[in-house]
Structures are given as structure tokens and as C-alpha cells.
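Look for subunit A in each of the two complexes below; its partner is subunit B in the first and subunit C in the second.
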Partner chain A sequence: MNNSLPARTLEVKNLSVKIHTSHNIIQAVNDVSFNLQEGKTLAIVGESGSGKSILCKSILRLLPKSAVVAKESRILFNGYDDLSLLSQKEFNKIRGRNIAMIFQDPMSSLNPVMKVGKQIAESLLHHMGMNRKQAQKKVIGLMKSMGIAMPEQRFFQYPHQLSGGICQRVAIAIALACNPKLLIADEPTTALDVTVQAEILDLLAFRQSQKRMSMILITHDLGVAIGRADEIAVMYAGKIVEQAPAEELFSNIRMPYTRALMASIPRLDNPPHTTLACIDGQPPNLARPAKGCCFAPRCSRAQDKCIKEEPLLRPGIKKDHVFACWYPIGEAS
Partner chain B sequence: MMVFLGKKLFRLIVVILAVTAITFLMVNFLPGDIAITTAGFGASLEDVEAIREDLGLNKNIVLRYTLWLFDAAQGRLGQSFLTDEPVLEAISQRLPVTIELMIISQMFALMLAIPFGIISAYKSGTNIDKTINTLAFSVMSIPTFVMALLLIFAFSLKVNWLPATGYVPFSEGFWLNIKSFLLPGFSIALVEWGYLMRILRSDMISTLQEDYILMAKSKGLPTVYILFKHALRPSCFTLITILGIQVGHLIGGAVIVENIFALPGIGSLLIAAIYGRDYTVVQGCILFITIAYVMINFFVDILYSILDPRIRFQNRT
Partner chain C sequence: MKDMLLSVKNLTVHFNVGRRHKVHAVSNVSFQIQRGETLGLVGESGCGKTTIARAIMQFPKPTSGKIFFQGEDLTCVNNFRLRQLRPQFQMIFQDSVSSLNPRRKIINTIGAPLKIIGKAKKEERIRLALKMADSVGIDPKTCYRRPFQLSGGQCQRVQIARALMADPKLLICDEPVSSLDVSIQAQILNLLETLRKKHGLTMLFISHDLAVVKNVCDSVAVMYLGKLCEQVPSEKLYHGHCHPYTKALLSAIPNTKPRIDPQYPLDKINTGGMSSPMDMTPGLSKGCWYFTRCSRAQDLCVKQEPQLSEIEPGHNVACHFPNN
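Let's look at the complex of A and B:
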């Protein structure tokens, strides 16, 4: 490998996912490509139903049976050429060992009838060939480093006896047990108290810098993404509509959708009783995709061309800042 | 825990009172009379009256029930009118047969229902699932006695592997004893596993959609491990409820199966007693079956709290 290029942990090429429902087919993810470098964080931002969760679940083969990944999709991971070519058995050696995931709701992602210690120990027993005693010791250490007080007692407790924040720490301990190279965090703080959110994100950032782990952070909060990620991809209607390094995106938004998202974040310096900006209209129906730009019906800058022709991702002045818009912000329309 | 047990005990007493009172009344309303049967053919009306008085049947029904209740409370269930055998002895002789049949049949039923239920939930909507379901439906629609006759035809008459009828007590050899229960057990299990399988399947399908199953998958655990270790336990609550009801039925005796295979169980004892208007035996059997029912329900409740820690900790507080 060329030394001047940083190592790529993950390369996703032309990923498309269709979901078959009883009466139609939904194009949930539409031709998405991105790279993720070692030790970096990519934030995927989008509103509900934009396909960000499906995108990540398809990397770990966690999609429901009704979802079909397109044949031309390629997922290249660190050393393995193409994850989609692996058999289920081979894939299970990577899943949980090299790629791990944290889910949105910690209360429902932990098994209610199994002690949390055992749930953390499972992947150690399975992937690392540890015996029970070694695993228990390691788990208690892990729980301690996740900031869980009294890990020896917590080990034998059930999820319903723990708070949401502790549960999410347990979920993170599960994900990080085998020191994965890539962590996919699917809205890890959405179900938590605001005060706990920052702690969890700090914990993730700390562990990430310690282990040079790459991370995909899925969030609907552009503010979180800008603060925590190196690179941001904005998803809308199953497509990436803008992607740039975090500071570049923050200072130089090109896509009207991203600006609308940005405007809908409540700000501390807003005077009291300011009306919060929101995006008018509904997200598009993915069962019947529009011909032109999918954001056009909700876009204040839309013109005839936007409805007729679909804009493709293209770089602007800076090469690493791409966006899919005919009339981007900052260019005369 | 003591409060919990106290409540259960109170319920047991209420249920026993209600059930025994109702059966006492119903047996009383049956046409025919034990006195006439005992007196025999050609007896005079005076003879019958004398026997009635002797057995205490001429007393008021409320008085008779109260007397029976007091005796029963002291463990005196009386003697059979027909055979003079003590009722308690008759029941305790039949009980091992009934319990063994119950255990063997439920074991077979679960051995079929659990793996098939899991497979068909995991493969739901596929041809495997449809095949298993069709199979389950077709055996469910076969009556137990037809199943019993089919099994006798296949395994006793055609290949002569197993005895067609008869009961061998445990004392005459373990294997001979088990052998006499295989066909009766299978005839119950083959009809019953379908229900259990369908119930497990539907609960399992909803469990498999839970986030914690996705989480388990994301750990890279093998599918079989996930199905048994993560999904089975939270999916078997309805299964256990239904199983408890089935076991209760079987304690009352699998009358038809006992008859076909000539097994001396509680069911055949009860039937004979009802035909002979043998009040004391009927009452004794019903009392015993009622207690067994309530106990089984109690065990099912305990089993819930063993399986689900959330219930366990609720009870404690």
C-alpha cells in the first residue's frame, strides 16, 4: 500500500438496498459510496427514513429478510476484499470481532432475560477463545473502563435493573469487547437523557482515540455530527446529497437541504420564544421516486431543471466537498 | 413470598369448595342410583331403602356434602360403594400410571414442538415453514383415538415392536414399563405437538424481530446459539401456559387413550365410578384432580418467574 495514503478501513461502493413490502418496492438506499480512513469518524446525518440505518445494517448483514442488497454493491473492509462475497460463517468471524455496532435504544437492544455480564462476555468467549473465568475478569475490567460503577455487582444484574445510560455503556462494552477496527453507532444517544448524551459521546471519542478505531456515527443531529466527526455525509431519500470534512461543511454549506437541517437546530443564542425553523413538506415517497432532484418539492431554490433532471454528486471549488444540487448555495442561480 | 403462598393457598381452598360442591350436585342429579345397583336384580323396594339408609343416601344433600367435606378435610375419603376399596388407596394405585403417561407424552410433544417451532419461526414464510405447518395442522386434526389405532396398527400389528395394550408395572422392569407407555404417549404427543409448535412459532417470530436479536447477530454469534440461548427463553411463556393446561387435563386422565391401551389410570377409574354412581370415588377423584390443577398452575407461575427476571423482581417488591 502506498505510504502517502492513509489506510482505508472501509470502502463502500455503489451500495443500493431495496425493501420489498406487500404492495411495493422501496428504494431505501440508492447508489451510496464512501470511504472511511483508519481512526476517523464519519457522521451520516439525515432525518428519519432517509436510509441511514438501513445503510449501516446492510454493512453488518442485519437487514430484515424483505431487504435486498443490489448485486453491484461492494463493501471492502480492511484486508478482506469484499464482505458481500463471504459465506455466513466467515462473515460471523468478522462481525462482532472486527466490526461492531451500537443500537439506538439500549433498553431494547439488551436481552431482558440475560445477565448483562454474560451478554458482554459472549463475544469474548466466542471470538477470543477465552474461558469463563478469563472472560469474566476482562468483562469487569471493560465495565470499569466504560465508567460503570460497582462492575462486580452489575455483572450479575439484568438490563431492567439498570438505567438507560448504564445500559448504553453496557452496549458499548459489548461492542468494544473485542477491540473492533470499525464501530457503527446507530444514533447511540437518541434514547438517552440530554445530560447522558455528551458523556456517552465523550466515552466513544476517548475509546476511539485510544484504539485507533474507525467509527460511523449515525445521527439526525447535524450539531452532534459537526462537533464529533471528521467527515460528514448528509443523506436524503436514500442518497448522499452532500459530503465534506466537518469544518468545511460547517463553514461552507452548498446543498439547500443541509442548510435547512442546520437551520432547524435550536441555538442557545436565540432570543426566547423564537419560532424554530423546520423543513416544510414531507420526505419523499421512496416507493415512487421523483424524476428530478428528490428535495426539489421542499426546496426554496428549486427551478424547472430541478424537477426534470436529477443532479449527481459533484465537487465544488474544493475537491473533497461534493454535493448533488443544480443551484448550490454560493453560486448565482 | 409468604404473602404470595398465602394467596395461592386461599385460592386453592376456594376452588376446591366450588368444584366439589358442583360435582356433588351433578352426581346427585344423575338418573339411576347406587342403592338399586347394589341391591341387585329383583330386590324389593324395602331392600333398596334399607341400603339407602345404610349408605346415608336418604339424608339431605347439603348435609351429605357437609359431612363428606368434614371427612375429606381429615383425610377420610371413604370407601367405594361398589368394591369397598378405600378411595385413597384406589387413587394412589392409579396415580403413578397417569403421571407416567403424562410425563412421557409431554416429553415427546415438547421434543417435537420445540425444534420444529424454532425452525419454522426462523424460516417463516419459506417452504420449510409451510411444510411443517401443514404437517402440524394435519396431525392436529386427527382425533387421539384414531392416532392411537393407527400407531397400534403400524407398530404392534405390522412390525410387532411394541405391545398393543396392557400395562407393565415398574417393578417388572424399567424397559418393559417404558415400552407399555410408548404407544399411548406417542398417540397423545403426536396430536398435541402441533398446538405447542404453533404457539412457540408465533411467539418466536415476534421475539426474532426484537433489537436484542439484532444485537446478538452483530456479535457474530452462530445462528443456532442465538435461537436457543437468546430467543427461546423469552418466547416460551405462552407455551408454558398451554403446557400447564394440557398437563392438568392429563392428570384428570386421558380417558380414551387409557381405555384403548388398557392402562389403569385415574381417567378409567373416574369413568367407571360415574357409570356405577359410586359417589365416594367420584368425589375423591374430583378432589384430587382439582388439587393437581391448582398445583400445576402454581408451578407454572413459579416457572414464569424463573424464566423472566422482570417478573421475579416484581414479586419481591
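Let's look at the complex of A and C:
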């Protein structure tokens, strides 16, 4: 990676997060590093429980109290050297202003006893120093640009009066209110219909191209990621196991886990009553990490070496395509 | 004569909203399912898919229309007969976690249908429930837990086991995979397919994802605002569909190719144009209900409502200007 490339918005180095429960310690995120360039989209893909959400919440310091970020972790963001060195007060100025997040389930992430207009206006009042009238005007404009019909009336409604799609648009409006440099979208479309999903993703892509915003898109659907992202990182058991540009990953999957994820998506060209290729077994227990490759127990290509030694991320033929596998697809095993 | 297991005729369901208003959740829907066949019901949320499923189950009873199950009209039979018939048609409910009783152990949840039917004694119930749990991939240890200790995929398996306990002929699946991860979704779909073969089930499969439905079903019915707009055999779905709404739904499926594939220029869904079922009163709005979002809409569409008509055997469309 050379330095003549466009500016990096975010650089995460060796991020590890441990969660202390009453019985044991869970290694939720394990030594994750990645870069994100200005105006680009990174998709983080993985099954539930693979540590995607914890990873992103640790960037925004929104982790529960029981979670501990390892000391050697470094998060470099656009001009600030290391986010983890900032005091709480300094960090509050960045959160919501420069880095914003769309949370998983829109219905439950909005405040049920607060009018949606006020919820969107909150960050404008706090960060931009607007008065209430200015904020209201800006919010209505924002709601209109999010494709919400009749924003003047919606402004005074509560979340339970809105449909799932509109709630998600409100959640996006909250995140985009201050024109952030980096947007973290945590499963923005999981709870929604396919049609609404397409609309929401189009909307995000449009806003992104307008404002040159960088985006981290968290999803469990590899299909969504490939169609929408520039770069894709596949996470499994708290680690990134494969990372590549979307087109490269699509045409040249190296890691068996990624291929299995891809194969489990139902396709339109399948005949009726097709048996889908699914990944047998359960994701590993993160409280007791295994010695070798974490995917070995479920992998069809696993051999003795996979159980004994842990593979590290390494580049293949192309430098920007890294994967953690001893016997990747396309190489003789 | 084909062997029809379920035949729905002119099904209409209204709900009262306040004193004056009515929601026409389902209006004048007819379809049939042959024995051993799987029918997929697709549409956006709020189009009445779940209402149809619940109307077939008779909770609540439909406003009008007939539902023939093995030749017997379910809307006319008395409660005693309905109780006798109900083991033969069972349902898997939407949102698996909240449709299980949180205070009941899994084993009791799975065994409950047998208790209601009064078919087996307690020891026998437990034995059968464990056997069923095993066949849906739940290990015996998990059977003595409660729903909050289970993952979403496991809860879905419990629901499937519970529905199959009464040994039904017809299984209605209401969005069985919509809240699951892609990898778990594949596991559950495969499980349903195996059980369908094993028990010889006839299924009504509800989903909003056409790709899922295409993989599971023999025939697909597309709904919009409480009406059927197209019913098509699933092999013909991709290249042979005729209704603009079906086309729009197909275009919404995330492309598993980088960026958009230019080979299929598909209709984009018109944002924000969806009418509410509240505004749709059959007497008032004359035309096609989809015309507000339709790219092909012409004067005729506003004036006259298109009727569902057969263009090929097994392929029905309700559109004035159907084409590919």
C-alpha cells in the first residue's frame, strides 16, 4: 500500500476487545486491522456473533462496561492521531459530528417517547450550535432528502406511528444530520423488506457520493456487500479471515468460509426445491478459542495442519487480497 | 380432476379501524394448492400475506369467502369440527422467538399440540417430542431449556417441530427465515425441504424475498395491497413474469455481482408511491391499485381494474398491459 493513494479516513491497527462475563472472558474481536479511504465503502460481513458490531462500537466507544479494549489497539481517524488517547470530553465532540452510526434495529434504537423531529434535531443543537428554529428547518429539509413524505407532519410523530422503512430513514437522518466524515451502518436493512432494503441502500449510496463520506457497512448478507461496497472484509470468530476489493473477492474467493457464505445465498437461477449448500455446525465458542484455524471444525478442506497451527492473514497473487488459510481455494492442497 | 388440498375462493378480510373506517386487508383473493405442492406468497409488508395465512387457520375468521380444505368449507364448520380438523393444518408463525412461550421449557412447547389433541399420555408425549426435536436438529439437552437461552435459528427449529407434532397435511410457514442470518437461513430452508419430503407436506410459504421463494416453491403468487397480481410457476418466474410489480420485486433482490448487472434492465421501484390499504375502498378507487407506482400505467389503468386472467396454464396475471 503506497501513500500516494487518496487520504485515509480511518485506520484501525491491532484492535482487540475482550468481554468479561460472570464465568469467563470472551475474545470478541481479535487483532483486527484495516484501512478505509475517503469516500469509499468497506463492508464487514459475517455470521451473527462474529464480532462485527462490537468492532464498530469500539470505534465509537459505545461498548458495554464489561468490555475491555486491548492496550496496543490504535484507531487513527482523519487528523486525530489516536482516538483512544482522547479524553471523554474531547471524544464527545467527535461522536455524532465526525463519526456517526446507524444502529441495528431502527424500531428499538429510536427513543419511543420522543418525537422523531426532536431526535434528529438533537445533534444539530448539540454540535452545530443551532437554535431550535434553525434546527427544525434543517431537519425538515433533511427528512425530505431522505425520501420521507410529508416531513412537516412526520416531525411531530413518535416512532411507533411510523413504519419500519420510515423509522430507518429517520435513523439515517439522525446519523447524517451533521455531515459526518465516517458513517458506520450496523445492519441497516436486516429488519426490512427486500424492496425497502434496495431503497435504503440506494439512498445511502447517493448521500455518500454527494458528501464524499466514508462508510463501514455491516451486514450478514454477502450479496448486499458485493453489490454495494468497494472493499469487503469477512469476519469469523472475531478475526478478519479474508479481505479484498469487491470485484476481486467476487471473481476469486480464496477462503473456504467465504465460499460457504456465498453458496448459502438462495439464487434466482436455481430450480425449485434446490438443496442449498449450508455451513454445518455452530460458530466456535469465543470463550475457549481453539489452537488452530477457527473455521477448521466446519471446513471441508481442513487437514491436520489446520487444527494444530493458526493461519495468519497473507496476500495471495494480488497484494490487496489477503486471507487466512493454509489451503486456500485455487491452490493444490 | 386434480387433487386440491386447499382451495381459497374470493377471500376477503376487513378490519375495523375506529368506528368508521375499515382496512381492506385482503380483497377477493382466490387460489388453490394441490396435494404435495408448495405455493409461495410474496409481497411487501402490509400487503396481507399474514392475514391470508391467519384466515386459513380461522383466527380470525374471514369477512367473506370460502376456504375448502379437503372439500370441507372451514368457514362454515362449527368449533367442535374445527378442533378436529385443525391438527391437519398447522402454522409456523412469524418471529420465532416471540411466538414461543418464554416460561415453558422447549420440550413442553413441542409436546403441547399432542396435549391439546389429547392423543398421548405424558411419558409418551415426552418421548415423541424428543424424537421430533431430534429430527429437526435440536439435541436433547437443549430441550430442557427455555426460549431465551436459544438462538434465533434454534427457536425456528422448535417452531417447526411444534407444528409437525400434530402430523399435519398442510403447513403454513409465515416468513420462516426473514429474521435469520444467511447461513442459518440456508440450514432452515434445507430442513423444511427434507421434512416436506419425509412427511409428504403441502406448504404455503410466505416470504418477501423472491429468491428464497423461487428455491422452495413450485408456484409463486405475488400480492399487492391485498390482491393477487400474478401467479406464476416458479421456473417461469425470472424470464416469464408479466406483471410490472413482479419485475420491480425481482429488481430489489441484492445482486450477487459487483455493482449492477447491465444485462437485465429491471424496473426500479417507485419510491414513496405505495398507497395505504386504508385509502383503498373497492367502491371508491376504480382502477388498478398499483398504477401509482407503475411505469407502464396508462389511462385505462386509472379507469378500470384489471382482473386476474389466465394467459397460460398455471400462469395468471392481473394487468392491462402484461409483457416481458
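Basically, the second predicted complex is superposed on the first by the 330 of 333 C-alpha atoms of A that agree within 3 Å, B and C clash if a C-alpha of one lies under 4 Å from a C-alpha of the other, contacts with A are read in each partner's own complex, and residues count from 1 in each chain.
As a convention for this text, a contact is a pair of C-beta atoms (placed from the backbone, for glycine too) under 8 Å apart; a residue touches a chain by one contact, two chains touch by 3 or more.
Note that this is a predicted model, so its numbers are computed, not measured.
By the touch criterion stated above, A:R95 is placed in contact with subunit B alone, subunit C being left untouched.
After overlaying the two complexes on the shared chain, residue contacts for A:K71 are found with neither subunit B nor subunit C. In the superposition on chain A, contact is made by A:D193 with subunit C only, not with subunit B.
Looking at the shared chain after the overlay, A:I226 reaches subunit C, while subunit B stays out of its contact range. When both complexes are overlaid on chain A, the residue A:L261 reaches subunit C alone and has no touch with subunit B.
When subunit A is checked against subunit B and against subunit C, the one touching more of its residues turns out to be C. In the superposition on chain A, contact of A:R288 is made with neither subunit B nor subunit C.
Contacts of A:H160 after superposition: subunit B is touched, whereas subunit C is not reached.
Of the two partner chains, neither subunit B nor subunit C is touched by A:K133. Listing the residues of subunit C that touch subunit A in their complex gives 38, 44-46, 151-152, 179, 181-187, 189-190, 193, 208-212, 214-218, 234-235, 237-238, 248-260, 269, 271-272.
Interface residues of subunit B facing subunit A in the complex, by the touch rule stated above, are 125, 210-212, 214-223, 229-230, 233-234, 307-310, 313. By the touch rule above, subunit A contacts subunit B in their complex via residues 57, 60-62, 65, 88, 91-97, 100-101, 103, 105, 108-114, 122-123, 126-127, 158, 160-161, 171, 174-175.
Residues of subunit A that touch subunit C in their complex: 47-48, 147, 149, 163-164, 190-191, 193-199, 201, 220-224, 226-228, 246-247, 250, 260-262, 264-279.
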